[in-house]
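What follows is a short report on a single structure.
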Amino acid sequence: MKILKILAIALLALIAVSTAANATTTFLASDDFVGMSFWLISMGMLAATAFFFMEQANVSVQWRKSVNVAGLVTGIAFVHYMYIRGIWVETGDTPIIYRYIDWLITIPLQLIEFYLILAAVRKVESSMFWRILLGSLIMLVGGYLGQAGFINATLGFIISITGWIYILYEIFSGEAGKAAAKSGNKSLVMTFSALRMIVTIGWAIYPLGYIFGYLTDGIDANSLNVIYNLADFVNKIAFGVIVWSCAVANSSRR
Amino acid sequence: MKILKILAIALLALIAVSTAANATTTFLASDDFVGMSFWLISMGMLAATAFFFMEQANVSVQWRKSVNVAGLVTGIAFVHYMYIRGIWVETGDTPIIYRYIDWLITIPLQLIEFYLILAAVRKVESSMFWRILLGSLIMLVGGYLGQAGFINATLGFIISITGWIYILYEIFSGEAGKAAAKSGNKSLVMTFSALRMIVTIGWAIYPLGYIFGYLTDGIDANSLNVIYNLADFVNKIAFGVIVWSCAVANSSRR
Amino acid sequence: MKILKILAIALLALIAVSTAANATTTFLASDDFVGMSFWLISMGMLAATAFFFMEQANVSVQWRKSVNVAGLVTGIAFVHYMYIRGIWVETGDTPIIYRYIDWLITIPLQLIEFYLILAAVRKVESSMFWRILLGSLIMLVGGYLGQAGFINATLGFIISITGWIYILYEIFSGEAGKAAAKSGNKSLVMTFSALRMIVTIGWAIYPLGYIFGYLTDGIDANSLNVIYNLADFVNKIAFGVIVWSCAVANSSRR
Amino acid sequence: MKILKILAIALLALIAVSTAANATTTFLASDDFVGMSFWLISMGMLAATAFFFMEQANVSVQWRKSVNVAGLVTGIAFVHYMYIRGIWVETGDTPIIYRYIDWLITIPLQLIEFYLILAAVRKVESSMFWRILLGSLIMLVGGYLGQAGFINATLGFIISITGWIYILYEIFSGEAGKAAAKSGNKSLVMTFSALRMIVTIGWAIYPLGYIFGYLTDGIDANSLNVIYNLADFVNKIAFGVIVWSCAVANSSRR
Amino acid sequence: MKILKILAIALLALIAVSTAANATTTFLASDDFVGMSFWLISMGMLAATAFFFMEQANVSVQWRKSVNVAGLVTGIAFVHYMYIRGIWVETGDTPIIYRYIDWLITIPLQLIEFYLILAAVRKVESSMFWRILLGSLIMLVGGYLGQAGFINATLGFIISITGWIYILYEIFSGEAGKAAAKSGNKSLVMTFSALRMIVTIGWAIYPLGYIFGYLTDGIDANSLNVIYNLADFVNKIAFGVIVWSCAVANSSRR
């Protein structure tokens, strides 16, 4: 019995020690590639946010909204990446729900950018704003319901893809696309088509992640995280830098 | 006896372990809909606050107060939602007192907006300011006293409703309403009526919550929280966006 | 003996549990009126600070100092109320020393406001600045020495009251008072007399608190805290709002 | 043996309780004069930093650097006082190394102010900048090496004093002093001589502290801290206020 | 057995005590030279960041980007030094991965400065931007892969050096170098050559650190840290100050 008791007390001591050990393992190992990608993306988001918020004052007044919204997108992503990174460092896991919360705020904001940069150079009807917003919500809510298991995963995927295709239609052939083409502003047309490429190619990473990570299990969680992080680097920071360059180009012109 | 002792020590170990487990459960589960709504509303409030504070510098000087106050409303709501979210994630409970503290600061600020946006376009007497402030305090203090059990719940409800009705009277038929109608500023009239709709329809959620959550117990706490969160999204963020659009419309005109 | 040992271990478990319970009681109970008043005042101070710092850029340049100082007053008060609130929630106690530290910084700043708003509209001699500063230090140091027990409580009270009376003399009949009257600026005269009322009536709460709380024990600590919090709401936030309105009135005039 | 075991367990319980007690003693006692001086100086630094950073936008462009640097000095001091205060409240001790880290950043910045305010009104050669910087580094590194025990305490003192005397020479009789006298700017000459007085009389507190605290042990650590805190109040905040007044005086002139 | 049990319990008590002791050793010892260098560099980065962000508003609009990017560099470095410092104080270790994460963001930003300051005074082709960016990524990724052990250490070193040499070629003899020489802007030419010296001499510290710290083990980790910290002081803060001076010189000219 004595041994048992000592073991029990030793167990208690062990718990205390292992708690301390745990605290130590929250540091990144130098070959922890996934952790490093989380760290890079979060710091990049922070730097981008600071940059956009500082720079917005340096463009002409009708362009500031667009640069501010670019800053909101990276800022919100920064906050979420801090959470995701913390959970990853602590548990080695990255619940998809935090990415969905992030997307539910940042993706509508990004699509609103298409409306804002058009509205900065010519009159556009506000119904376009609502159609784009609706398309992004269908894409996101469908995906979330499917991944969280509220509805069938394949059904969720189909709903989500439908929303995305509608957005692509709107910005390529719909009113938004036509308005951009008709604006006659060379810098805007270039910006618009660069942003469109990001929404087409860069965003394709999300349905692909859905297919490989949830529908077919063809990819491990770590690779998926590195890919998502890299995609967000392009889709949020590069997206914002393009909006900002367009704002600078249209501000210095006058 | 040995077994008892080992059990007692095991209990101790269990407490330690369950503390760690508790810390783990503070992460959101991907099907935790209520938690997700808390997260979305708090991040939305943060983004809205940053946006209003950045944008206030881009409207003409007599409109900045209004946009600043919109930022204060979402900012204060952000701080409180961080507290409420933290308590909810930790305990699964959401004490109503934090919502009342939030309302006691944000609702008077929102009603002052009616006065501020009128004052930005025409001369208005300051007594209107005090009448609106008084109405909002009656509405809030009545509700708080009733829900905290200092006075009879039904009595509190009646006092609260009286304050709300008085506010509705003031902004529809009272001096504030008339002043808006007489301003001859199309954008202001539209804004004023949109804000009025929010105060009428959007705010109706609060007395309904009181009735279903406290007077009749006809709704569970979780649904109530999701409804309150959604209502606050409209009543605070959309409210602020409308004020901001009005400020932008009236700034670019000159 | 077994029972004793199990009791001892149970005691240990109880400590662990009660620590958790303690952590739970740091949430506000919905009928905790004192805690709510601490919460309201600290959030109000935060909102006021953000507002004054945002708005200072919107008044003309010689008035910005005054609005900035109003923001410093509420900002410093915010920091201290966060400390006081934390201690109160944790221990149910509110050491008076934190209030004195707050007052030692904010009250001189507020009295300097009388000098600053005069200096914004006419030339005033800087000796007035030093006389007001000296009066406020006598008032505060006397009160602190008496309440901390370094000197006799009644003596401290008398020294403190002397400082206050000197300040009242200076702003009513002294040079500051005369300078305001002679300025011929209607908005300044109104502001000056509103601020004077706050210093006369609003500040009377502090010596009354001293008498009832320390000299005669005629009031319980909780009521004293609620009264102090309410007084600070008027004496700091309303004070700042009045300074800000004066700055706005004098800025838009040109 | 039972008694021994119960005692041991009670000891364990005691440790837990005393930890809680410890946590309680981190609150300031109302007669804790040293703690109060740490609190006051840190809050004063915070307020000063906010003020200088807000106000820098309100002076003319060539003076903003000077006000910004004044804000950096109090800002860096604020951060360090938060650390020092925290350590003092927790342990009753205040390691001198934190003061030296603070001084190694803030004192060169302050001496650069002499160069900056000269450069704001007339052309000065940049070699003066480097000479002043060198003098301040000799003063600080000598003092640190002596107090940390890397070199003989008296030798460190002599090196440190030499650097200080060189600085005094430069700002009184050297080029900096002559440039100020020749500037013909009355407000600058007054400012320059006020700052000189602070560097001469106010800074004398540091070698005196070195003599009494380290060379002769003629003063206890608590009094030394109160004196250092008071000295920093004058040497950093009053220093910055003087720079700011000079900037305001030279801005409104045009 | 009693002794064993008491020992076991004493061990438990010891763990608790030593945890407290640990917490105490997180304070810097006054002769801890490495810790002091971490503290100085992090506080210096903070001050530099605040300064650049405050000052960017005071230079002409086409130079603000450059000053903002200087602030981003020191800001990102500040965040990472806080992490590195915390780990060092806690464990006496400084994982190189945090330095690489910092470099992966700050070094490309610094090299972009060469493009930005050229673009502020004359038209430059954007392909230069991409070439510099590519060179910096080769330098960093090569070094990281080698140090983390993904590839052979010597191979990593060679790849890294190749990237660095390409950058040197580009800014000395390549298009960037020629563009600067042709700009005919004296202040820009001086700035450009000062920055080039930093990239040539100051950055040489990193491959040297790689050689002595990883390839030959000829230097201890503490000295390496002090050298890296000093190098970053020059390579980031002095770099930024030079960019800022150039911006000020080119702004006041007009």
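Each chain gets a letter, A, B, C, D and E, in the order it is written, and its residues are counted from 1.
Here is the rule we use: a residue touches a chain if its C-beta (ideal position, glycine included) is under 8 Å from a C-beta of that chain, and two chains touch if they have at least 3 such contacts.
The model shown is predicted, which means the values in this text are computed figures rather than measured ones.
Shared residue numbers account for under half of those found at the interface formed by subunit B and subunit C, and the copies are therefore classed as meeting with different residues. Taking each chain's centre as the mean of its C-alpha atoms, subunit A lies 27 Å from subunit E.
In whole angstrom, the spacing between the mean C-alpha positions of subunit A and subunit D is 44. For subunit C, residues touching at least two other chains, in rising order: 5, 9, 12, 16, 57. Taken as a graph of touching chains, this assembly forms a single closed ring in which every chain touches exactly two others.
From subunit A, with subunit E next, the chains follow one another around the ring as A, E, D, C, B. On subunit C, the positions that touch subunit B within their shared complex are 2, 5-6, 9-10, 12-13, 16-17, 20, 24, 27-32, 36, 39-40, 43-44, 46-47, 50-51, 54-55, 57-58, 252.
Of all residues in subunit E, only 1, 4-5, 8-9, 11-12, 15-16, 19, 53, 56-57, 61-62, 64-65, 68-69, 71-72, 75-76, 79-80, 87, 91, 95-98, 100-101, 104-105, 109, 147-150 touch subunit A in the complex they form.
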